[in-house]
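Here subunit A shows up in two complexes: once beside subunit B, once beside subunit C.
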Partner chain A sequence: MENNYVIEAHGIWKKYKGFQLDIPELKIPKGFATALIGENGAGKTTLLSIIAGILLQYRGEIRYFDKYTDKDRENIPDVKELMGYTASGSYYVAHWKLKEVEKISSVLFKGFHRERFRQWCREMEVGAAGWDPKQKVSSLSDGNRMKLMIAGVLARDTKLLVMDEPASPLDPVMRDRLCGIIREYLAEDEGQRSIFFSTHNIADMENVTDYAIIMERGKIVEQGFVEDLKEKYLLVKGDAADAEKVRDGLFTCDCGQYGFEGICLSENLDKLAGFQVSTERPSLTQISVAVMKHFSKVAKG
Partner chain B sequence: MRIMQNSGEPIYQQIADQFKTDILAGKYKQGEYLPSIRGLAKELKISVITTMKAYEQLEAEGLVTAAQGKGFYVNAQDSEMLREQHLRKVEDSLTEAMAAAEIAGMGDRELMEMLETLLSIRKNE
Partner chain C sequence: MKRKLKCYFSYTTFLYRALGMILIPCVFWVACVAMLEHKYGGIMVWEEPPGMGMYIFYFALSVYVVLYEILTDHWVLGGCLSDAGRGLRYFRTSHSGAEVMRNIVMVDLARRFLYCMVFAAICFLFTGWETAFVMGLAMYCVIVGVLNGSRHVDSFQMNTWIALLAQVGMAFVNVLNVSLIKIVGRMTESGETVVIACLAVLYCGVALGVSKVTVRRITGRIQSTGEMVFTE
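Let's turn to the complex of A and B:
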């Protein structure tokens, strides 16, 4: 496994009324797509905004590209040039026309390629015309606004994309295209480009997720390369009659009339010895849901 | 290369097995590089880490070597090891046939006869 990181952060801390983000350490592997997973209100958007330099009031230190500090991010243009950020809403002003989006983007970023921006708008069909310079941002649907932001970051020469819920507003065909875009982005500069995105659509994004970070109530509760997580956890199924007896050996357990299904730590599989159970490799969705359920139960006591 | 998403067999295993078959069949020559990890992930529509795990497994089996920053290249295949691999494959297939024969209620003699018949058919072809 490569062990260099595109982002390394320490002691990230941010407090709102009734919410606290507390991340002692965060490492995003370089050359991979990392998914940030968590329930609503877990702090995903807050964390991504801090990384992207949108939210400036926080405690902690962030290191970018193994080179720059978060102070550099505000002082050296290179850092923001190398990073592309898409928000979960839209950051373009509603009354802007597409030509203004293009113009302002090229003022903000010297590495913004106008022609490439138009090409992406056409390819992803932002609005009915694909590229209509007179089209207003306010006339675009949520999905099209997301495509517009994606076109905006792809039009630049970046090494890191930070994307907040890019899949959510997109239709299934476009989500599939987004996965393709992510893979193309990573493949274009083998090992040098990274993506950090949040998502609720774990299943749709599973085949493009290399590293997963699961958050619960402002904290990271689990993380790892997906292939390693799939070995750490097991999906277990068995008879309803045994459900109560095996419950303690399981990480999570759902019991129904016809049997139980749960996630078990592989190292605890011996606790199920003597019971009729079958095991399977879990999907990332199953692991994530189990981890979130487990830790929200722990938090509630 | 064909990848089955729902076959129950991990995708990295499917990829490793197919490369292994190709390498042992000589489709990849000694010193030849496998496709880049991220390029293959893109082609197969799977994650980078899955491709990487497949390559790491091939490396652990001694079939390929990782070159820092350049990818994975195919090792010289030891002819002794090659034969060993093929013998294991024959053994596995025969074991599978024996299990099927048992389910079908075939006796040992009947099974041997079938194998002999198949061998003679192939000889006459």
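Let's turn to the complex of A and C:
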């Protein structure tokens, strides 16, 4: 029977000095865009690097495309051919020119299409001239380097994109375009392609996120389809005078001079009975911030 | 072989190929020929058999070759073993990354070996001086040995210092070789030829060893043996 997960991981464990990634189970649904959300140092880059096969020393098992193990990832060409990875900083050698990026990519990946790469470079305007084969990677801005990496993975025949902070260095217009690119990518081979990306720009990426995973200090603290999370949590607003009384029933609470605003688990709504509160459907940003605040050391001071 | 060369030429920049692989070595080779071509009025006139002038020339030549080989490596594999792992992370995203990198390193080593041997051959052709091959092999060992260390360094400035120190090292190796050939050669009945042959065998072994280590260390960074720590 076919499984609906593009990635299934069990017992992922990795330790650095002062940090421990510990994920008993991770399931990335197939055919959707999954956002990995978390504070700085939550372990997002580490997790993505492990999945992409960049970090190789870890404990645990990963299953790709319901077919391959992480051992296969290193031994069979298919897994890495089907998976495109973009890093948070550029992984191209700084003194390479665009034509060298193209040449070395075509040597590294069988499914790399040179013409498609040039087309994406032109379309995303990588550098001033769009496609200038003589332009050096070092002369590109952070945003353009990210566009170059995105062009590099889109020029290949992949089924999964693993992207570390793709939106962070991009301008608002390009972020909007990135959302469009993600939608086009998922739609092209309906139900067969998936994207797993980390982001701090939840608001910008919200309309393209289907599934969200929230991490805190190396652990997954919340996950689910965005629509389900919006059912699970409620945005509660009320008078400032009631703030202290309702605090126990809320997941997080921000109190101002005139009123309070907080996130509450839908199942705990009865705890707020008798208080003058209004409820709204929260955005993914509001849910994510609330969950991160609830578990964060930084937010608690 | 075609694939190996394709990998190498895809990885190296045009500037490096033009300067590091053609122009600078040609200048050295032409200078080498011009200075050694004494029969037809070359710049230097050598004693027969080759004496101190020849040694000084070859010492100077070898230390400059070491300098240029280490400095120009900055545009090929410079800093590839450093924490930032220049470009190696991209190779890890591909299944053939380790194989492609192995091809690049092997062609690079073959190219360096060939160039060192061309110097030795030019010297031998014009002077009949067998020690030139020992010098060529020693030059290759020093270059590749130092590159194994200098590739941990990302900064060009630091690499320049390493290259200058390597020059001193090369000069020392040259003195050691000539001293051994002269002193031990006089002490044995069979003379300098046996010492030269022994040194050549020794340097061949060392060259093979450092080449293996180089290939293993760089490809090891892409394969499971290497843990990469990235600093953005």
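Keep in mind that, in the parts below, the second predicted complex is superposed on the first by the 293 of 301 C-alpha atoms of A that agree within 3 Å, B and C clash if a C-alpha of one lies under 4 Å from a C-alpha of the other, contacts with A are read in each partner's own complex, and residues count from 1 in each chain.
Here is the rule we use: a residue touches a chain if its C-beta (ideal position, glycine included) is under 8 Å from a C-beta of that chain, and two chains touch if they have at least 3 such contacts.
Computed from a predicted model, the values in this text were never measured in an experiment.
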| item | value |
| --- | --- |
| Partner chain(s) touched by A:54 [first = subunit B, second = subunit C, both, neither] | second |
| Partner chain in contact with A:179 - subunit B first, subunit C second, else both or neither | first |
| Touching partner for A:240 - first (subunit B), second (subunit C), both, neither | neither |
| First (subunit B), second (subunit C), both or neither touched by A:265 | neither |
| Touched partner set for A:128, first subunit B, second subunit C, both or neither | neither |
| Superposition-derived comparison: subunit B or subunit C, residues of subunit A touched | C |
| Contacts of A:210 with subunit B and subunit C, given as first, second, both or neither | first |
| Which superposed partner A:191 touches (first subunit B, second subunit C, both, neither) | first |
| Sites on subunit A touched by subunit C in the complex | 52-57, 74, 76-77, 79-81, 83-85, 87-89, 91-97, 100, 103-104, 106-109 |
| Partner subunit A, residues of subunit B touching it in the complex | 8, 10, 12, 36-39, 41-42, 45-50, 52-53, 69 |
| List of subunit C residues in touch with subunit A within their complex | 6-7, 10-11, 13, 75, 86-87, 89-97, 100, 223-224, 226-228, 230, 232 |
| Subunit B partner contacts - residues on subunit A that touch it in the complex | 1, 31-33, 179-180, 183-184, 186-187, 190-191, 206-211, 225-227, 230, 280-281 |
